[in-house]
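The two complexes that follow have chain A in common; it is paired with chain B in the first and with chain C in the second.
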Partner chain A sequence: MNVLKVRWWTIGIFVLPCLLLYMMMVFVPIVISGYTSLVEWDGIGVNKTFVGLDNYVDILFHDPHFWPAVRRTLMYAVFSMAEIPICLLFAILINRYVKRGNRLVSIYFMPVILSVVIIGQLWKTIYNPLDMGGMINGILNALGMQGHMRAWLSSPQFAMYCLYFVSLWQYFGYHLIIQFTGVQNIPSDIYEAAKIDGADGFKADRYITLPLIVPVFKISIVLAFIGSLQAFDLIMVMTGGGPAHATDVISTLMYNNTFLTFKYGYGSALAMTLVFICLAFTFVINGVFNRIEKKVG
Partner chain B sequence: MRRSEKKALKKSALLLTAGALAVGLAACGSGNEPAANTGGASNEAAANTGASGGDSGKKVTITFQNIYPDETSVTNKIMKELVADYEAANPNIKIELDSLNTDQQKLKLKTQAASKEVPDITIVNPAAQMKPFVDAGVLAPLNDMLDQNGLKDTFQKGLLDYYSFDGNVYALPDGNNIEVVYYNKDLFAQAGITDVPKTFDEMLEDVKALKAKGITPIAIGEKDTWTGSFLFMNILLRTNGGPGFLQDVMDGKKDFNDPAFTEAVDAFQELVQAGAFPEGATSIDANAGGNIFKTGKAAMFIIGSWETGNIDASSVAGKVGAFSFPTVNGKGDVNQFMLAPGSGFAISANSKHPQETKDFLNYFMTNFPKKKFELKDAVGLGQVVEGDFAAAGYSDLAVGILDLFKSVSGGDLAFDNTMNPAVAQAHLSSIQNLFVQKVDSKQVAKEHQDAFAANK
Partner chain C sequence: MASIKKGVVYLLLGILVVTQVYPLLWLILYSFKTNEEILGGSFFALPASPRFANYTEAYEQGNYLRYLFNSIFVTVITMVVVIVLASMVAYAISRFRWKLAPAALLVFMLGLMIPMQATLLPLMVMFKNIGILNTHWSLILPYIAFQTPVAVFILSGFMKGIPHEIEESAFMDGASVYRIFRSIILPISVPPIMTVCILTFINIWNEYILAATFISSERLKTLPFGVNSFVSQYTTNYGNIGAFLVMGAIPVILIYFILSERITKGMVAGAVKG
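So, the complex of A and B:
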């Protein structure tokens, strides 16, 4: 495939810096992590005991917190991905009906540029109990719905949903901007041609916008999926995984095991599990979209 | 051909991106290879003989990691003053402060220890909490430095034992405290409470009376799980009829299914059920929890005596008294307290300037109690202070606390200072759970026993 008409080593020289960096930042840590996951180690001492796959067996069969954390992580992903069609709908509507859509989209984008710590603190205050100035409880109180007031982040039933919501709120603008750009990039002559053929409005969306937006849609889905598997900072700021593991996801569980319980090997095994889950689901998502692309394209 | 190639490329690019993002996270969990050599003692000895005084001309920077980031706190002020004084007297020494919250510092040190990059001076916690660091050889013994300028004799008798392993002292405590119940006299009066509770039942009555008046009975910030545990352990100290429950468990004489333990869990749940704690306590961090009391919104605050100075500096100053945690179901002795030997200053075994660091820490610790006394923050100090507290203008609260200190006839260390980190974490989250739902005490006992058995 000598299309570029340059020597192989020229390519090599240009590729090498990135490749080295990538190897160092990605492959080496993953290999070390893979090794650490096979030992029992407190993270600071020299006493490492090789335990084979014991850590993985413990995680999969004996850890009462692991499967609930996986469930919460996947729920996180499902919610994040479910948000994207809504973003697309907004993008289409804004593109069609709003004169200076860019401005509106920029406003939606604002939460994304705020630091997660700030967002976490902000929403923590919003979720606070009434006597600590919580806004939601304040509104419920004003509406006479005292029965629905609660300490949102301290409720094992609701805390996780409160966290999902903050994430959805923050990343709405992010996915909206991606979808909006995607919609804008569809050449207008296609729509004009379709108009002549009698396809207008939502009909045009169905037969032109949707098929052409699939690649952009896929990017959003994958980003949302991986982003939510890694969800960590927001949870750490708002609940720290509490109360009593009720908001633990895989990443916070890993962090707590590694750094608070001094179980480095176990934490690494959790990290590796997360890597495997990421890879497996990326395959699945890719497969699904290839099929969709084939169908509509 | 080209199409499929492009597709394959796209696919692998996507996979790689996914992988990269995932691994970025995984990298947090992966450890650095430990250096083949533990460093520790041999390194230390070599450095000692070589470095003493020899470096005087060179510019030396000492990193001082600490847990006093709050600019308004007395200890922060003292630290900065002592550092400035020392730098003025020793122009070749520069001391770089790395001030972090307690929890952040714990984590940072942990990661630093994993890569053998412990700062020259750092903070460790007594007994079981610092043991992994001592075992890993990342801390330098301080025996020689303690003998200089009579520093060793300034410490209270027996206090350094919590920081000693195999005859070596590895850290110097910033305090020595006991757990007390602070109470707001005005709020007690508002609820018609005339005397401090002597029994747990009286305390429950008071909680209900306060609650009825719309006053938060007991301030706590349970997002930082140690706060609830510290309170729970005080109840256990009573139901067990004295100290040593955890030690007995570790020695195999008792286990967590013991009635003393389940009784303590039940008593603790009674407090929760009576609405003793602020709503949403598990999402309030420890500092914010304390502020509920210090802004006069809560009637009691059950915490280490280290808060005395801060309370005296807050808006409720003058209205606060303190008493010892009451007996529970007629059990326990009010002269026994949860003991809290403070966080300790330790020196890295791999410090590039061991002698300078030791000299500075010696200066720091020798002058620490004097400054503390001057700034009226000497309650709960681990070192002996010369001087009359009342005459020096200490508050009634401070003098009251000092009287409680005199009554101490024994006690227990906090859970995480006694048990290993894995068991401690299980305990902390098990207690946090009690704040949000009612759990059968047998179940709580089982959680503890399982965690203990799995992490012996």
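So, the complex of A and C:
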């Protein structure tokens, strides 16, 4: 080990500016949130009543919107992860059949770089009722399926699925490109050797591509999972959690309680719940994958 | 048989191009239509004659240039500071000998798992107390903080691999650590710095929630926030809304056309290393 030995204050000069700013903006707020979650506070006065864990008890046992929001958050995660095998399949197909796959993949990637505001407002317009020029209803109308036309985002039954779909649409290219890069990085001589042994096409995929792609696959799964737990801004842009809480996830519930009804204590408790869930699931999912990797490798 | 297979694959890939790109094209068509054409419901028809007035009207009614300038200002400052601060930390973590280096890295890595939304309220109260709420600093400071974890991770990963002989010989020649950092380490680290630049640009340029929560002055709004408030304000002027959305998307699309390979590579690197 030949690492530079420097004086402690040199380390300080290099590390402290960034570390302090980072602590102030990330950790201090979380600690404050933790404290605020134990009080009742409307944010206006200085009157904060200490209520202990009451806010958490209310969330877990008395809030009719909390568990449905958790269910939607988890559904979000399930849908996002279910997309990834499809991305892998497309990545394999593009790698095998398309000469300049990079070009094609970068077209699919386009929605990823756009702001949720553009994506959200674009899809809001697409989901609009026919008399507001919505595209989906326009297509249904042209196909003579008037019975299926509806105001998609105002329907408590369908609105959430419409949101899942937009997320899947936007991030398809992202996961595709991650998988595609992974597939491209598998050395081609492995496939050539396998061909000599009689393994070709999908057989080669089964025994070569799949085991070698596991680490990349894991990255996509983790990203999709964490991303869905934090899914927020798209929903805020498109529905704000409505109609009648039908599209609330944990973070929109937190936002609306905090900034619309000014229940600061309650909102903070929801924020802390979200932090706990994110941390817990990150550890769980890492544990699961470490096991899988051990088995496969 | 093989050609049928190939045909099916091309068909699938073609359908996928349509689903991924058509909504964007549809928006462009939409932005040139009159309200009557939009409400007429012919979803795939071309506009009879492109209505450029949608764009001039959207430009006149909204503060497009203001929003654009604000976004450039906030994004550029964030990018520069993230690169300077994160590369310093990454250098210290990957090259200095100190006991707390792994702990420091861990602290930054924790930040990757913390949802930014959870900090909204405390940050708002903090910024209000120190009087920077509703200024660009209330965006820039948290933006920097939330971009550093991935930046530190990418940069320290790269810097670990730089051969030590380079530093040692410079050290023998009497160069200080600061000098080595500035004249040797930074120039070598340009590729990962580019990756960090791209990730920061995409994330910050597109950020909406913080801007919508902390900014209330019209003249301080960033592009995503500005576009959203324009759209919610002029709800029935469909053509103008379409035009403003297209104008909102243009900067990032332009940059993507010029740098698409760099951007995709950078985002993959960010995903894989983050």
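The criterion applied here is as follows: the second predicted complex is superposed on the first by the 271 of 297 C-alpha atoms of A that agree within 3 Å, B and C clash if a C-alpha of one lies under 4 Å from a C-alpha of the other, contacts with A are read in each partner's own complex, and residues count from 1 in each chain.
Note that a contact is a pair of C-beta atoms (placed from the backbone, for glycine too) under 8 Å apart; a residue touches a chain by one contact, two chains touch by 3 or more.
What you are looking at is a predicted structure, and each value in this text was computed from that prediction instead of being measured.
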Could you check whether chain B and chain C clash or fit when both are placed on chain A? clash
Touching partner for A:Gly267 - first (chain B), second (chain C), both, neither: both
Using the superposition on chain A described above, determine whether A:Asn256 touches chain B (first), chain C (second), both, or neither. first
After superposition on the shared chain, which partner residues are touched by A:Ala246: those of chain B (first), chain C (second), both, or neither? first
Applying the document's definition of touching, compare chain B and chain C: which contacts more of chain A? C
Which of chain B and chain C A:Val275 touches, first, second, both or neither: both
Mind working out whether A:Pro156 is in touch with chain B, chain C, both or neither, as first, second, both or neither? first
Check the residue A:Val112 against both partner chains and state whether it touches chain B (first), chain C (second), both, or neither. second
Would you check which partner chain A:Gln146 touches, where first means chain B only, second means chain C only, and both and neither mean what they say? neither
For A:Met238 in the superposed arrangement: first (chain B), second (chain C), both or neither? first
Which partner does A:Ile11 reach: the first (chain B), the second (chain C), both, or neither? second
Clash with chain C (superposed arrangement) - responsible stretch of chain B out of 27-35, 45-53, 207-215 or 351-359: 27-35
Need the overlap of the two footprints on chain A, from chain B and from chain C, as residue ranges. 1, 22, 25-26, 29-30, 32-33, 36, 43, 130-132, 226, 229-230, 232, 251, 254-255, 258-259, 264, 267-268, 271-272, 274-275, 278-279, 282
Sites on chain A touched by chain B in the complex: 1, 22, 25-26, 29-30, 32-33, 36, 41-48, 124, 127-132, 151-156, 222, 226-227, 229-230, 232, 238-240, 242-246, 251, 254-256, 258-264, 267-268, 270-272, 274-275, 278-279, 282-283, 286, 290
Flag every residue of chain C that touches chain A in the complex, lowest number first. 6, 9-10, 12-13, 16-17, 19-21, 23-24, 26-27, 30, 38-43, 85-86, 88-89, 91-93, 95-98, 104, 107-108, 111, 113-123, 125-126, 141-142, 144-146, 148-149, 152, 164, 167-168, 171, 177, 181, 202, 205-209, 212-213, 223-225, 227-228, 231, 238, 241-242, 245, 248-249, 252-253, 256, 260-261, 263-264, 267-268, 271-272
So in the complex, which bits of chain B are touching chain A? 5, 7, 11, 14-15, 17-34, 38, 107, 110-111, 113-114, 132-133, 135-138, 216, 222-223, 225, 278-284, 420-422, 425, 429-430, 432-433, 435-437
Going by the contact rule set out above, which residues of chain A touch chain C in the complex? 1-6, 8, 10-11, 13-15, 17-19, 21-22, 24-26, 28-30, 32-33, 36, 43, 90, 93-94, 97-98, 102, 104-118, 121-123, 125-126, 130-133, 135, 137-139, 141-142, 169, 172-174, 177-178, 181, 216, 219-220, 223, 226, 229-230, 232-233, 236-237, 251, 254-255, 258-259, 264, 267-268, 271-272, 274-275, 278-279, 282
